[in-house]
Amino acid sequence: LLRAVPGLRTMASEAETSKYQYETLKVTTEPNHIFHVELNRPNKRNAMNKSFWREMVLCFQAIAKDTDCRVVVISGAGKMFTSGIDLLDLGSDFLQPQEDDPARIAWNLRKKISEYQETFSVIEKCSKPVIVAVHNACIGGGVDLISACDIRFCTQDAWFQVKEVDVGLAADVGTLQRLPKIIRSQSLVNELAFTARKMMSDEAKRCGLVSRVFPDKESLLSAAFDLASDIASKSPVAVQGTKVNLVYSRDHSVQESLDFMACWNMSMLQSQDVLKSAQAAMEKKQPKDVTFSKL
Amino acid sequence: LLRAVPGLRTMASEAETSKYQYETLKVTTEPNHIFHVELNRPNKRNAMNKSFWREMVLCFQAIAKDTDCRVVVISGAGKMFTSGIDLLDLGSDFLQPQEDDPARIAWNLRKKISEYQETFSVIEKCSKPVIVAVHNACIGGGVDLISACDIRFCTQDAWFQVKEVDVGLAADVGTLQRLPKIIRSQSLVNELAFTARKMMSDEAKRCGLVSRVFPDKESLLSAAFDLASDIASKSPVAVQGTKVNLVYSRDHSVQESLDFMACWNMSMLQSQDVLKSAQAAMEKKQPKDVTFSKL
Amino acid sequence: LLRAVPGLRTMASEAETSKYQYETLKVTTEPNHIFHVELNRPNKRNAMNKSFWREMVLCFQAIAKDTDCRVVVISGAGKMFTSGIDLLDLGSDFLQPQEDDPARIAWNLRKKISEYQETFSVIEKCSKPVIVAVHNACIGGGVDLISACDIRFCTQDAWFQVKEVDVGLAADVGTLQRLPKIIRSQSLVNELAFTARKMMSDEAKRCGLVSRVFPDKESLLSAAFDLASDIASKSPVAVQGTKVNLVYSRDHSVQESLDFMACWNMSMLQSQDVLKSAQAAMEKKQPKDVTFSKL
Amino acid sequence: LLRAVPGLRTMASEAETSKYQYETLKVTTEPNHIFHVELNRPNKRNAMNKSFWREMVLCFQAIAKDTDCRVVVISGAGKMFTSGIDLLDLGSDFLQPQEDDPARIAWNLRKKISEYQETFSVIEKCSKPVIVAVHNACIGGGVDLISACDIRFCTQDAWFQVKEVDVGLAADVGTLQRLPKIIRSQSLVNELAFTARKMMSDEAKRCGLVSRVFPDKESLLSAAFDLASDIASKSPVAVQGTKVNLVYSRDHSVQESLDFMACWNMSMLQSQDVLKSAQAAMEKKQPKDVTFSKL
Amino acid sequence: LLRAVPGLRTMASEAETSKYQYETLKVTTEPNHIFHVELNRPNKRNAMNKSFWREMVLCFQAIAKDTDCRVVVISGAGKMFTSGIDLLDLGSDFLQPQEDDPARIAWNLRKKISEYQETFSVIEKCSKPVIVAVHNACIGGGVDLISACDIRFCTQDAWFQVKEVDVGLAADVGTLQRLPKIIRSQSLVNELAFTARKMMSDEAKRCGLVSRVFPDKESLLSAAFDLASDIASKSPVAVQGTKVNLVYSRDHSVQESLDFMACWNMSMLQSQDVLKSAQAAMEKKQPKDVTFSKL
Amino acid sequence: LLRAVPGLRTMASEAETSKYQYETLKVTTEPNHIFHVELNRPNKRNAMNKSFWREMVLCFQAIAKDTDCRVVVISGAGKMFTSGIDLLDLGSDFLQPQEDDPARIAWNLRKKISEYQETFSVIEKCSKPVIVAVHNACIGGGVDLISACDIRFCTQDAWFQVKEVDVGLAADVGTLQRLPKIIRSQSLVNELAFTARKMMSDEAKRCGLVSRVFPDKESLLSAAFDLASDIASKSPVAVQGTKVNLVYSRDHSVQESLDFMACWNMSMLQSQDVLKSAQAAMEKKQPKDVTFSKL
């Protein structure tokens, strides 16, 4: 398996990403249909400013439609993953309302919150698997972000903090909604959300928030790209159908989910990928030995 | 942080709790807006008799409305947390029906069961965080009780037993409904519920039922009150909004929960607590350095 | 406790099982109302062929109605638990459609998938607890099968593989629907489903998929039958009501589940089993000292 | 059939209703286990003041438990059914908040709204059929009230008005939630709610809001009590089980509702009432010839 | 349009129906892929005995799979549609339990009720449109039956009666679950269910229970078969997909239903029927001028 | 009340609508914050071509945010409301797939269907009331469109046709999902969807699809604008909150809807509009005498 070498990756992909130009995100296309999305305000500890909240939506809507992409890896540039929302930049939106009628302020806040929720929901609506690689701090909005990803890896020095309660609010862009469905020691989730205490990487591993821990950022990224390459070698019809149905299952009863699955696969089982894969299996080949069409 | 000293606590609060007078519960108000609710039939191993089932409802309905309370700690007086339902006292309600028509017996049983379910649901409906500190035995109804709490700590010698199957019935006041959403090794939940075997503190920790284990009751309570003080120092708008939305999220899809959250925070983000907290954060202060109005 | 001795078991039950005659399953009735269902194509690595998918439904529908059965143990005959679907045998159903209209092919595929889903849903619909004992390989359809069981034990050498993605399809007979509600490190479930990598017994234990691991098949089966005997000694009204309500709770909100439970127990609390059990408890006897009527 | 004669009714029941003493409601027990609840502020056009919102809850909680009651008739004393909320009396609760933090005002408003919602939800939670007899005006809160009743009759001169939009708010105690499930010309419901226009009795009949229209209040009440007597002559197990399941069905899918029903009737079919009724049916008798125990 | 002539119909189909041989049902295959199912115990007023409850399931399961059938018409042989359940025949199942433990009686009753519910749910699960033609009496179980059909026609002399309350029970095989979603004057549904009064054909038309009324049985059947022929001339992919999605929509939110529909039509829009129909439409032809493959 | 005069309307609004420039829609701003959206391909019978499906989304997303707009009226320019989808123009999207793998074709079709569903869902997501005025033909996609509107009026000569079954497909952009929740004679909805027969204005009125019928287009539009003016004179906080909650209620249980409503109004009751309206009510003024801020 020809795996991506970090050093080579950046160079190779300069040309193709012209449409993925953002202020706060750096998007690199890697070999094997892998896209690398970096939070890219390293001097600001990757704090999430207004541009970020908007650009994430644009970026993932583009990725969702981009048939060149099969898997996404998210990581943070610089010293930490992210320090969370950029209070200074966002303050004006949330703290200095233009109206003086509480109902109209509320009306506008609701719209704004819904927009900000969409910033991370796009990750979930994109049917391509998203692996997030966290190093050092992952604070506040960072936890909202990684909760919407599919697979979470981190470094030994990583730590996680549901920070919102410390700025006087209940977390409203995903953490309270997704975290309890991800790690499920309810007692622990509650403790984290009520106290804003830091959770270190070992506890994050034990409780299931992350599935693997690595000594440093280099080995973390290397493993994330290995995993991405492995997934990218499979049939995209199989992989992306799997994501769509896993997300559906989380929010529905088993019977509803089985019914949706039957409806889904009545098309997807007609795929050439099934024939190709079945034949490869009979011939003792691996998925990576098969060429699948784009999706 | 000026933390509550157990010895001082009881004294200080004599006067204020005149309305919290119960036969089976002892309610003490602690510094920092913390209420301590003790199961208080130590000579009866805190067995849950008829008074208990009624008084819990009264107690938590009062606490829910009491703006002096921000966090609750529940513990058991005496040698164990609780031996569960008081079969002798409750038997007459459930085992000696007044009717001879099976339909009318059923009608009355359903009412009674619903009432008993409410005994623990009030904990969940109360928007203040409830920490439960378990030592020694937590049997039958005890598991129903702690399943409705938000955070669970226990001592090394604590053990847990879903006892109902041994008295010929399926647990009907919360365990079968909440436990699988709390610990989630479904295989383990099933085993506990089918066999009524004891689960020791270490297994309880591993499976996520409790989030921390302590050597003895004293260190347990000390840690529970520390945690309570920490939570009580935060904005009550933030903390209680967090509880309301965590409970909502457990029972709804992610999208439904996000929608409810946006509707919730369109009011709550207008809080002075957000401004105060944001300002404190900018000045590198802690939430405990800020004074929040009652809620 | 008079426990079943593996050596004796097979012999004793020859006669009674005449109605449980299958090609791919071997059903043995054990002492204490325990039924043993073995995947029984050892020469074919217990691959799931067309007969298997049909016979499982017949078998569990019969068991569901059989008042002689209180608990079921499923295991695999031969060297491994199961290698999953028998591609050669099933290929014709899924890969060689009789139609040439994509809509009509889809129509038939949907019917077929629903039938195959039923093969494992019958385990869940059967109100008797089902313990599955896995040794060596549990691949593809095997994971779908065990996801529908109530309690999972395995041997040290057991491994699990969500294989479907490697044959070009999203798993459609239960894994994607049930697994996330069983083990709940969402990150891990996603990784397994996207990569088809093997998960070994120790990881399976840590993440909660199995609740116990044993050194070899003999000790595995011995423990499974011990557990089965223990459960079988309890009131079947209590045990089976527990299963019905645990399955219900998984798919409903806590309040819905409490309402259903109240409706359920308004009948079931009228059981003689409750009286018998309560009386035994007062007399310090165990459930196994009580004789319960069949159910 | 000995039917209640309006003239006699009031007298006969003086004694029994000592516990049903309210400021804003007049409760009379009629022959045949019928209770008559009158909105009783005729000089104030039965405007709904603070006492009313509280007393309705007390009244219907008492009726729900009162085995002497099998059916309830609600009507309005004086010239009209009701003019809706008493703005002057309620204004202080909703228009003059005690707090100055918008979040804390919101917190208290939510509690208050929930309490007011309960005022009409109690009608639905009471398993006894509630017939409402409307004459002349039924405005604002009146529509919320009748939407929670089971059967609606009115006089020729009756009219209905979803008034809330005219006082600057979306109706929040039941109309927007229940009306669309009652009459279901969605286009008409929307029109009524957006415009606050009056709907006359004939349109109310055509759209299904009321099932019968009568020339005057006397014939209206006479018919309502006739219907009540008829229902009261049936098995209360059958009638009240019917209400519980009709309310359940409104809010659930058909399959969920069938499952709940099966769970419900597994007790209720064991009733003596079924045997008595079946025997009566064989002997060509009517339900009213059978004596059913209280429920 | 070559329409079915009642006189000819019976004859033509003798041979093909050999597999549709029942005691209580007469199944005739008509021209144009129409199946006619008659309740066929005219001497017993088509009372629903044990055989009927079983045979309906067999019959509609067979029809569901029979690609020769595109539409079903149900009617009653003899003087009336049906007098409902056959109390004498069913009494033993429901009134004379084999057990003496109320819990075990309940257990068996629940199973039995679920089976009887399935008798009418099969109509809904069968994706072919089912038109029911009612003449004269339609009582008790008859209302349950027609509630599960797709289109209801009746004669002028038809009447409907939700009879169950008169035999001491809440209707448990579909009426309370489906009727409120069909006619939706909630007030009227409640009245019918609480009183067991007869509803005549004109009221049935007005409230939407039936969509057309005819002077006599002959014209009724003629119209039903005309409608059936019309539907049978359309693409079965379109017609049966429409039924599946209409049933789905009834039980789900609009958004859920749109999502399911998109998943459904991603296969079905690939149908040759769409191409054939589109081409016919361009050529100003009717669906009946097109030949569609079986489904 | 100064009502909009059709003749004057067009002129007055030229300037303001520069941003509402579309090929297939004509948007005019009327007095009193009313927007008029006309289907504007009169020479093509307002057939829905690709531009239309895209422009509706843009148009209603803009209107949703436009605080100058309080109510929308939709009508059709020229001889009829709409002939439905433009088969010739859309054919390429749906009938000539770019792929040859059925799974990939399905994948793209699902995306396309979801986009087309959004074309009408935007009407529902826009919180401003939408009145649709239908004259002459309303076919296929036209029924999907009007099903997503809030209030439906039509002319005497209007007719409605669920056309999709005649082009070989189940209607997939809203009709099957919304129509049964709008008119609710289930029998009639099914008949219309299975047969594609025309429904005339009188039947549309009787079944509740439209709430009023007018002799000609002029009186229709006049009445629609009168209604719009009336609604536009009310508090926009009240009106739009009403729409949001009516849509929510349609898709949720009564209890869920009440909970959401309480959460909603905890902000909205703080509105100045409530104070203004309450004061006006006390002074016997109408909403139209009050000036409400934009929303």
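Per-chain residue numbering starts at 1, and chain names A, B, C, D, E and F are given in the order in which the chains are listed.
Please note the rule applied: contacts are C-beta pairs under 8 Å (C-beta built on N, C-alpha and C of every residue); 3 or more make two chains touch, one makes a residue touch a chain.
These figures come from a predicted structure and were not determined experimentally.
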**OP:** Determine, among E-F, C-E or B-F, the equivalent of interface D-E; equivalence here requires over half of the contact pairs to be the same by residue number.
**Re:** E-F
Original post:
In terms of C-beta pairs in contact, which of B-F and A-F ranks higher?
Top reply: A-F
Subject >> Rounded Å distance, subunit B centre to subunit D centre (Cα mean) >> reply: 36
Original post:
Just how far, in Å, is the C-alpha centre of subunit E from the one of subunit A?
Top reply: 48
**OP:** Would you please write down the residue numbers of subunit C that are in contact with two or more other chains?
**Re:** 102, 105-107, 181, 184, 207, 237, 250, 263-264, 266-271, 273
Original post:
subunit E touches which residues of subunit C in the complex?
Top reply: 99, 101-104, 106-107, 237, 267-273, 293, 295
Subject >> Partner subunit F, residues of subunit B touching it in the complex >> reply: 260, 263-264, 266-267
**OP:** Would you mind writing out the residues of subunit B in touch with subunit A in their complex?
**Re:** 129, 150-152, 181-184, 207-211, 227, 230-231, 234-235, 237-239, 241-246, 249-250, 253-255, 257-259, 261-271, 273-278, 281-282, 286-287
Subject >> Touch list for subunit D against partner subunit F, complex >> reply: 87, 91, 94-95, 97, 102, 105-107, 109-110, 113-114, 117, 121, 124, 164-174, 176-178, 180-181, 184-191, 193-197, 207, 250-252
